[in-house]
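Presented below are the structures under discussion, each in the form of structure tokens.
Both complexes shown next keep chain A, but they swap its partner, so chain B is in the first and chain C is in the second.
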Partner chain A sequence: MNDVQTAKAMEEEMLSDLLWLSPYGALVLAAIGAVVLALALPRHRQGLVGAYVAGAHLSAAALAAGVWLDRGFRSTMSGTVVVDGLALAIVGILGVSGAVTVALARPTVAGTDREGEFYAVLAAASFAAAVLSSAGDIALIALSLGLLSLSSFILAGYLRGSLRGNEAALKYYIYGTVAGAAMVYGLSFWFGLAGSTELGAIGRALPDAPVGMVVVSTVLVVVGLGYKASLVPFHFWTPDVYEGAPLPVTAYLSVLPKVAGLVALARVLPQALPDGSLGWPTAIAIVAAVTMTLGNLAALWQSNVVRLLAYSSIAQAGYLLMGVAAMDGSEAGLPALVYYLAAYAATNLAAFAVVLAVQRESGSADVAAFAGLGRRHPWWTAALVLSFLSLLGLPPLAGFVGKLEVFLAAIDAGQAWLAVVAVLNTVVSLFYYLRVIAPAVLSPAAEDTGQPRAATAALATALAVATVATVALGVVAEPLLDLANGARLMGAR
Partner chain B sequence: MPWLTLAVSVPLLAAALVAVLPARMTAAPRAVALGASVLALACMAVTWARFDAGRGMQLVEEATWIPSLDISWRLAVDGMSLALCALTVVLFVLAVIHGVGPKPMTRAAAALLLLLEGATLAFFLAQDFFLFYVAFDVTLVAMYFLIALWGEENRRYAALKFFLYTLVGSLPVLLGIIALFLAAEPNTFNMMRLAEQEPLAGAGVGASFVFLAFFVGFAIKTPVVPFHTWLPAAHVEAPTAGSVLLAGVLLKMGTYGLVRVNLQMLPDAFAEYALPVALLGVVSALYGALVALAQTDLKRLIAYTSINHMGYVIVGVAAAAAGGISAEARELAIDGAVLQMVAHGVVTAALFFLAGFIQTRARTRDLGLLNGLIRPMPVYGTLVAVAFFASLGLPGLAQFPAELQIFLGVFDVWPAVAAVTVIGIVITAGLFLLALQRAFLGETSEQWRGLTDVRGRELAAVVPLIVLTVALGVFPRLVLDVINSGSWL
Partner chain C sequence: MSLTVVIAVAALLFGIGLYGVLSQTNAVMIVMGVELMLGAAMLNVVGFLRYAWPEAVSGSFFVLVVMTLMALEAAVGFALITSVFRNRRTAEVDDLTELQG
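Showing the complex of A and B:
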């Protein structure tokens, strides 16, 4: 083969790689295009940037579906980016969630001085989360985690005039930097032991490495990813950041880093430590049990619905982690994780959409602000009841099928005790979910305090989409379950 | 025609329709609810006509739902399902006639009643564990809101307690379902195949855990002492139609599950625990009767007699599960237990309606304050007397043949247990006669002389139940021939 032919083959290879990477490309274009558009458009037209970013998110999801159906899975960029079922499913979830978040955020950021840039940063965060979920290489994990943290800090502190927002961003920044640094330190051990940054090579090297070093480094890696997923004991930032950040950002933060962190754990652990070596499945199961228990117990005492949802999201992270813990022992573990992530994303966005609508109207997100909501806004209340019952895990909603899947995986993997712990936790969670539902449905309407501000079309659409998804993913669970079952991990055994 | 699917989906679709009706159509919710519940009744009547009592599980309607997990929309009837569905559709028509909450019936009330009806029917008809569990939990949510929205003073507390207990019961059931799913080869939620396969047959500790998970869930729903403490609160605080449906239909879900799952799918484990379960049933029967004896609140009294009557059902089912029982006695016990579920449903529903009527008139249900009611309210007094006698097990009325069959069946395995259980009947006889004497006979105080007798809608709600009470007592064959447990157990 002469040089020209080699060059030509390489060029074709790269071109086909581009097609494989198109879902990620759509998110990059979302971020870059948003910056350019934001500069070009006048202030009162910045909403168009939002529409563009939302559209790009949806195209990323569509491209992910297209790549999956058209080409299947492969690793690309010399094995750095793994475009497998897991990655594509997650890009799909992130794409739709991102578009819904843009719609949620529009009323809050409309008319602020950097509206266009807000959407750009949001797109950058989505891109980082997508890459983190697809990384087959520890250098890329470190890089994407950094980008995700950076863009999340900016989003959390977007309302610069708000003291609480600043506090939230700073807190997130400090915690995030420390946890991220710990992870990079741990990854450096892995690199040292394996002589490669590729996860497959690390998985081959770690079994022969000194046990102590492997344990310490793995714990450090779990710290970094666990912080993103707000697993106990790395969850302390969650309630304060959720409360301080602008609510639409909180909604996104409750989905995006959690999805990315859990998926990265699901990718890293089975590959770096094949065959459940060092008992990581049990260790992760214990973290899951502690996370759901502490999250639920802390949520009981919250009177602010945003903080309540923050602790609820910690508890949900515990349930989600059951899927990761079961991965080694059961084929059902990974599909359970993917299904539950989608169900959780839909449900939590619906819940936050209602809280946002209520907060915009009454100026408060305390439980008291929800009293009598049923009389004033029956449709919001329906969304609230459905999303909270889905978080509780009642059928036929998405959250139920998610729980069914993770329970099934846990029992199949021989971790029935974890399923029992999760059941007990579900009972505890009833109390705080009902603490919001009950006054909303049962109490007489409270006196109008604030100026009623109607939900904008964007917010109403986001609310409707997320709520319909919450119900539909449960009642018509087959397509997503089928997808989740196809979300195999490439590279692992 | 898929009559079973129609029976389930008509109320559910009607619930959705009611929810989106414009608010100004004030008469529509009640009309839709009545129409839908009558249609469901008609569907079950057709099913009753098509049913062949000798053939066991039949009239299967099946559609793939979630193939990844082998979940289907799978409905079918056997004698037990059909008898309980018939009870369900009748009680819902009457509950709609009586109404819940403010008049005219609101959209929310109509939608919740219809949602509850659809879910209850789906539960009794489901032959797929996924659907079974979904229906179980949807009834929980619908009933929670019925109690919490239109109950009496302490409704929120009672509703929360109801939700909590039932959720605590339903989650072990979910774990048990998953365990059966994983144990079956190939994995399946198909209840008919699970009953056939008995995947955990003879499998020691694992089977025991699964048995206990299901048992605790169903025992809370039934309720069996010591899991009963939610019941008095919920029954007393619920609105009248809510109490009627709760005691008349929802309690039966517990005993239905015990037969359908524990007895049919885990017979070996049940045989091992038959005696302890029977003893819990005896304790429930006696405890319920004794505590009822001490009540002066009529609703509370009826609530505790429910614990007593459901205790008999538990004893009967446990006897059928015991290893040493003869085939005839086993059939007697289960036929009796299912007939008792139906009879208790009819009689208790009548009693709760009647308790509600006196509440709306006298603003009290305290038997110590009421007296001589038979004079101002002769019709009411007569209806109450019939219902009381039926509930204490008088021959010729609904519960007598059922309880007799249960005792005969139990006597075959554990004569001593049967003998002790009969004491429960003696106590309930005493307490009902005492209540009748206190509140209805004797001098009528000044304040009660002006009470008006029952009429109109009230009669329409309760008279059919009294007629059924007598009919079941005189011709128990009507239902027993359909139940015919020999064909499906």
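Showing the complex of A and C:
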């Protein structure tokens, strides 16, 4: 084959890559289109930007499903963007979560002076998370982690007049950039050891490299990705940011960076350190055990439900990390992680939607504000009970199936001790989840103070979708688990 | 030998940046510390490119990516600091005490 033919073949391959990249394209168009629309539309029509961004998120999810079912998996852009089952599943989860978040955020951001730009930044964050979940190249990991972090900081500080929002954004910024810089410094050593930024090449070079350098650089990389997933000991930002950021943003921040960080760990570690070299599965298992234990113990004392959910999300990150720890020892690790991520996203969005509704009505997210909720708002209470019980892991809800899969994977990978720790942790978590549910269901209705603001249609829709997904992922688990089993990792090269 | 020097200088730079982040209470100085840490990563890659892998084009791309990140992080960081300063007339992180518990 002569040069012209080779060039032509490469060009054709690049063009057909675009088909696999279409879900990402939808998210890029969401961000860019939102900026243009936000400029073009008058202020009272900015809600249309939100509708556009939500639609683009849903089409990204639909395109991801289409590519999976119709075309299969492919390593695109010379192995830089790996469109495998893991990546497509994550784009699906992010797409639906993003659309739900837009609906959640609409009542909060409507009428603020930069509403359209809020949706644009949200779409940029989703795009960055999708790319981070598919990156087969460390330069792309650094770039997408940076874009995800920066968009998250902006979203957290969106309400510029709010002192708490300011503080949350700045704290998040400081933790995030330091952890990100540490990760990039670690990645620079990976490049030095492998002579390439491709994960595949790095995986071939690291096992023969000086152990000290590999350990230090890998720890630094785990710092950067672990902060995203709020793993202990990089979790300190989580409660403050969750409490200070606007609540719909908190809902998204509890899903998006966590999903992206965990999936990036699940992609980077097995490829860079093949066959569990240096004992990384055990190290990750220990981090998982510490994360879930500290998260649960800290959650016990919280009087604010947002902070309680923040520590609960740290504990959930610990359970989720079990899937990553099991990946090397068991085939079931990755599908379990993917399923639990989907369940976690649905459940957490539902939980935050209820907290948002309560906070909009009573002006407070303290546990006391939930007392007697059952008499005033039976539907909200139903969603609250379902989502909290799903976080706890009660059958037949989504969280139960997710937890069960992750626990089984841990046992299969020979980490039964970790499964025991996780079960004990689940028992502990019963106390703080019940502390919110019980007064909501059992207490008599409190006297109405002030004027109750009715939930808007967008918020109610988001709440309904997330709650239905929480139940559906638990009840019709069988076919969906089969699908998750297809979520295999594809080597970069 | 030269590669060792470059890596040592980069490590020193990273250490200074990290010390700055941990010891400074002014948000502007913290941002500068982060920039030093990222600079250390860039210097590392450039050193590896020059002395170990002169053929690795992807390394030059990596440096450009990190440079872009530095610029963006500084821009967003100063925007956030400005926003805090407008509301509170201070950029000292120790004064940020709204969120605790």
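Definition applied: the second predicted complex is superposed on the first by the 478 of 493 C-alpha atoms of A that agree within 3 Å, B and C clash if a C-alpha of one lies under 4 Å from a C-alpha of the other, contacts with A are read in each partner's own complex, and residues count from 1 in each chain.
Rule of thumb we're sticking to: a contact is a pair of C-beta atoms (placed from the backbone, for glycine too) under 8 Å apart; a residue touches a chain by one contact, two chains touch by 3 or more.
Here the structure is a predicted model, which is why all the values come from computation and not from measurement.
> Pick one for A:G195: touches chain B only (first), chain C only (second), both, or neither.
Touch partner of A:G195: chain C, not chain B.
> Between chain B and chain C, whom does A:G244 touch in the aligned arrangement: first, second, both, or neither?
A:G244: touches chain C, not chain B.
> For A:D70, select first, second, both or neither according to whether it touches chain B, chain C, the two together, or no partner.
neither
> Please work out whether A:L187 is in contact with chain B alone, chain C alone, both, or neither, and reply first, second, both or neither.
second
> For A:D208, select first, second, both or neither according to whether it touches chain B, chain C, the two together, or no partner.
neither
> Once the shared chain is lined up, is A:V427 touching chain B (first), chain C (second), both, or neither of them?
first
> Just chain B (first), just chain C (second), both, or neither: which does A:D3 touch?
Neither partner.
> In this superposed model, does chain C or chain B come into contact with more residues of chain A?
C
> Please name which positions on chain A make contact with chain C in the complex.
On the chain A side, the touching residues are 137-139, 142-143, 146, 150, 153-154, 157, 160-161, 163-164, 166-171, 173-174, 177-178, 180-182, 184-185, 187-189, 191-192, 195-198, 239-240, 243-244, 302-304, 307.
> Across the complex, what residues on chain A touch chain B?
Contacts found on chain A: 389, 394-396, 400, 404, 407-408, 411-412, 416, 419-420, 423, 426-427, 430-431, 434, 438, 441-442, 477-478, 481-482, 485.
> What residues on chain B touch chain A, complex-wise?
Within the complex, chain B contacts chain A at residues 65-69, 130, 133-134, 137-138, 140-141, 145, 148-149, 156, 160, 163-164, 167-168, 171-172, 174-175, 178-179, 181-182.
> Please name which positions on chain C make contact with chain A in the complex.
Residues 7, 10, 14, 17-18, 21, 27, 30-31, 33-34, 37-38, 40-42, 44-45, 47-48, 52-53, 55-56, 58-59, 61-62, 65-66, 68-69, 72-73, 76-77, 80-81, 83-84, 87-88, 93, 96, 98-101 of chain C touch chain A in their complex.
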